[in-house]
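Down below are the structures I want you to see.
Look for chain A in each of the two complexes below; its partner is chain B in the first and chain C in the second.
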Partner chain A sequence: MNSRSLPTFIKVGAAAIALIAPVFLPDFLLFEVCIALSYSIAVLGLNLLMGFAGQICLAQGALFGFGAYVTAYLNAEFGLSPYWTLPAAAVLTAAAGLAVGLPALRLQGLQLAIITFGIAAAFPQALLKFDWLTGGVSGLPIDSLETPAPFAGRPELWLYLVTVACAGVAVLLVSLVLFGDTGRTLRAQRDNAQIAEALGVNLTKVRLWAFGISSALAGLGGGVFAILNGFISPQSFLAAVSINIVIASIVGGTTTITGAFIGGLFIVFVPTWTSDINLALGNVIYGLALIGVMMISGNGVVGLVKKLVCGMLQTTSGNVPSLKSIQGRKQWIALRK
Partner chain B sequence: MTLLDVRGLSASYGKVQALFDCSFSVGDGEFVALLGANGAGKTTMLRALSGIARSSGTISFDGQRLDARPPEERLRLGIAHVPQGRGTFAEFTVDENLSLGAITLSDAAQVRRDKERWYQTFPRLRERRNRLAGNLSGGEQQMLAVARALMSRPKLLMCDEPSLGLAPAITAEIFEIFKDLHKRHRMTLLVVEQNADLTLQFADTAFVIETGHIVATSPAHEMLHNQDIQKSYLGV
Partner chain C sequence: MSLFFQLVVSGLASGAIYAALAIALVLIFRATSIVNFGQGEMATFSAYCTWQMINWGVPVWLSLLICLAASFIVGIIVFRSFIQPLIGAPIEAMVVVTLGLFVLFQAVTMWIWGADQRAFPSIFPDGGIAIGGVQVRISALGTLLALAIAALSIGLVFRFTRLGLSMRASAYDRTKSMLVGIKVQRMLMLGWGLAAVIGMIAAVLIAPRLLLSPTMMTPILFYGLAAATLGGWDSPFGAVVGGLLVGVAESLGGSYLPMVGAELRIVVPIALTLIILLVKPVGLFGSYKVTKL
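Entry: the complex of A and B
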């Protein structure tokens, strides 16, 4: 087993488990996994924006909520099939994200973080204020998906497949963006904006694109979330959701694609587990878990796995990762950190 | 023929003015040295020309007005800027750094040919093409920064203090490469330097800049022997 095949092996294994496991999972657990995946789609967007483009955005939860409301509104008001509301949610949320990003991107770093957090904090209030549009406190219902005949006995399984398909589209989109020149340009302007500008990178354009795609994924994730729940209200999109998405991004590993899914599962399941351990101390244990993950691995869970895999390879065969392969280089970088 | 013509260029950082009404021109195929002490405004001049620093006055390049254009367009028109301190991307390989230099170009086949061409000029980079730029020596990083700038197919290559932090032997090697670019590839060069003696041996023309004013202009070989200028401005 060489240094290149192991991560692929892990990925293929994970994909196989993702496809087979739901058949055996109880309905409620499967539903929780779907919710985690819907968050993961938004986390994936944030990884692109925060990890690769270097822009801190604390409004991802609000954009997630925006997508959910677009889905619900189009369905409740115009009777549009929930399937068709998903692309609409992605596109309209991208537009909303750009409207936020255009003025906000003049600022960088912590200032951008605070401005976007302001949006996240104001969002649930705005939902209540515009109750003629959003249904206010009582929220909006969404029709359940028409389930094809083979899945009639177990609609949860069909919901799961739809969710996985949306996640797949998100992964494909992010991979395409990160591949080749675009990905290099993103990382270059993150590592050194001035030099990138001297090389002809239009900083505003690149950052806006990243913001737009990240928002589109937030919207898609939100749309999926709305369909899964069948009902949404402002309560689901408090400012804490934005923070949770940032936590998911960092815990999984901001510069990874796999990490978005680990992060999504983390923010859905770990708080439940910790409060199972002790109801009163749930948040304390959750907090300690977060601190623990960050202390063990600065680059998230995926970074940690890479580090371990790398260490294993070196001790068992003395095989130093090759700098000629992209994978090998990633391992070197992970090792240095 | 004049390639670059600058008239009344001023630039400031907030309230601090760094360049005052500078005028000069650079001929096509000329090797120009921009000399001066620390804080004289040399770097600001290059930044104003490439559009990274704001400036007023007129800049004409290859028959076109540049002053209102963003850096990206200036690069497309043919001004490449190798910033001070090299600025190679440490976590990118040598090859990827070169690709970044060509992001304004769309013809992939041409980019590949250009890479091969510059690998011929910089054989050390070819040997290290798959290494991370952060693991290169200072001299190799400087070569990489120059090669990366060349990838945009510039007409004018501006280089900010290529000798910074390099051993004299490596600096000389870099200047030999400039000479080669100048003579063989007919590249127009504008090099900012503190090492006046070395630069004047290679350049055609030299400008001396002091506290934001251009205070002397002459053929490089004359300046090399002009004790007054050397004493007053270059601190030799």
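Entry: the complex of A and C
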């Protein structure tokens, strides 16, 4: 695993930046970063599902919205504290995701993509239709978080810490899944479903697990998003959000954890920066990024950085061996000794 | 009862358009095992080009012909530049690339022509005829006729010409076709070009009703996907039947099921897709595939 993950100093550096970021970021930017983090949680789920399980879900934005609405509804109707709505959002969204995924997951990846594409398109309509539950066009409000005394002067900082904590939980969950037996099983069925099945992997069960966890993370991200905004409406969960989450996953690097955060920042800041020039420019960049990443590196920004870093670290040994060929793998093993 | 038949007729008319898009999707799937999520947006782009030419004063039929040819070339260019280098990549990679086409074509259309809706001239005359109390619009008949012609000509080409045989062969088994001397890459390219042409026909037929906008085909694409799943991904005939079924089911479901209603019509094809996946996963007319280790 070591040879395939980023060097530790980069990870530690990123964590350090995340911790000191609020000190010098203005409140507005800090809020944008929080929103990006909430998306990243959903992207992380998708990375588990798409990168490691090889199943594509185009409804991650709808599940994200589902989580947001669970949070808002529990808070608005039952007066539950926003903190306590988050686990509920994760669990209920996982249940909703499983209900959707169960029929499609029995089959090859394409069916899941088609069904979930439809769900993404239908979700905003459903929100409008069931307006007695969701508040329709006018949406639902969410109480703001009670800020503890030390943060009273700057509630944004407390929001940021809560968001970072949720992202941390998500990272922990995904790492636990990936580094254990389940992770190996997931990768095995992705790389060759038939052989994995012949070796005793229950494909449907493994894929359902991945889908359930991925949906739970989408729900958690959605809940955080709702709390951050303090108000949600169907306008925030159009089909484009689902596609944006796929874009984030691909751009960041779909088989990485770090990539989810790069992707989250990408989909929040690219539209902000490009909308001044031309409203369509952001989407042109998105489209080119999707195609470009697939054609160039396949593992997004993180994949590129890894290539560069590994290249720099190993300049003495000449060419960087490719993991794809047997010879390359032998070279890698030799290098690591 | 006449309401029922009225709904069936209007369902068939929209179903014909879903069927056309489904044929395009199935053609590409058969040729390259890819579901092209960008098909609808590519078609919108072609429809905009046609609109632009008509707006410049070119006669309607001439601009249609020119743009059909242009769509064919665009389909080939897209295949050559984005798809061919990635043939053999895993499914999720291909879905991502065609999703990229979806986003890219929509954005380019919006960049060039803006997000405003535009009226698109109908190629059929206005008015309608009454058949036993059911009002049938001429444009609906024309749409069905156009679908029938398109489907029939594709069917005939596939069935009775050498070109069609080569295309079927390369869709069936790429390696073996190459061994018997078929230029497989060229056949795949043709498949993509043909699909782009049929997609454009669907867009031009629906544009007068929906008004031209960059997102016009997005819901249609979903109906087309449902139609293809229903009919079976390797059967153009199934695509036609699936499209008509989806159209009728949507029209009836939207009116007769109060909990669905007009707003949630899109749920009908989702439900149909889920049911067919549970009952007969390969679709009504699809064939089972055997995977060898």
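Everything that follows uses one rule, which is that the second predicted complex is superposed on the first by the 287 of 337 C-alpha atoms of A that agree within 3 Å, B and C clash if a C-alpha of one lies under 4 Å from a C-alpha of the other, contacts with A are read in each partner's own complex, and residues count from 1 in each chain.
The working rule: a residue touches a chain if its C-beta (ideal position, glycine included) is under 8 Å from a C-beta of that chain, and two chains touch if they have at least 3 such contacts.
Remember, predicted model here, so these are calculated numbers, not experimental data.
Student: Could you say whether A:A99 touches chain B, chain C, both of them, or neither, answering first, second, both or neither?
Tutor: Once the two structures are laid over each other on A, A:A99 reaches no partner at all.
Student: Touching A:A122, do we find chain B (first), chain C (second), both, or neither?
Tutor: Second partner only, chain C.
Student: Given the touch rule stated above, what does A:A21 touch, chain B (first), chain C (second), both, or neither?
Tutor: neither
Student: For A:V12, using the defined touch cut-off, is the partner it touches chain B, chain C, both, or neither? Pick first, second, both or neither.
Tutor: Once the two structures are laid over each other on A, A:V12 reaches no partner at all.
Student: Under the stated touch criterion, name the partner, chain B or chain C, that contacts more residues in chain A.
Tutor: After superposition, C is the partner touching more of chain A.
Student: Quick check on the superposed pair: does A:L176 touch chain B, chain C, both, or neither? Answer first, second, both or neither.
Tutor: So A:L176 meets neither chain B nor chain C here.
Student: Looking at A:I195 after the superposition, I want to know if it touches chain B, chain C, both of them or none. Which is it: first, second, both, neither?
Tutor: Both partners, chain B and chain C.
Student: Between chain B and chain C, whom does A:A165 touch in the aligned arrangement: first, second, both, or neither?
Tutor: neither
Student: For A:I243 in the superposed arrangement: first (chain B), second (chain C), both or neither?
Tutor: second
Student: Determine where on chain A the residues touched by chain B overlap those touched by chain C, and list them.
Tutor: Common interface on chain A, chain B vs chain C: 194-195, 198.
Student: Would you mind writing out the residues of chain B in touch with chain A in their complex?
Tutor: Residue positions touching the partner: 50, 52, 70-72, 75-76, 81, 83, 87, 89-93, 96, 99-101, 103-104, 130-132, 148-149, 152.
Student: Could you pull out which chain A residues touch chain B in their complex?
Tutor: Touch list, chain A to chain B: 181, 184-185, 187-188, 191-192, 194-202, 323-324, 329, 332-333.
Student: Of all residues in chain C, which touch chain A in the complex?
Tutor: Where chain C meets chain A, its residues are 35, 37, 82, 85-86, 89-93, 95-97, 99-108, 110-111, 115, 218-219, 222, 225-226, 229, 233, 261, 263-264, 266-267, 269-270, 273-274, 277-278, 281, 291, 293.
Student: Given the complex with chain C, which residues does chain A contribute to the contact?
Tutor: Touch list, chain A to chain C: 50, 54-56, 58, 103-104, 106-111, 113-115, 117-119, 121-122, 125-126, 128-129, 194-195, 198, 239, 243, 246-247, 250, 278-284, 286-291, 293-295, 298.
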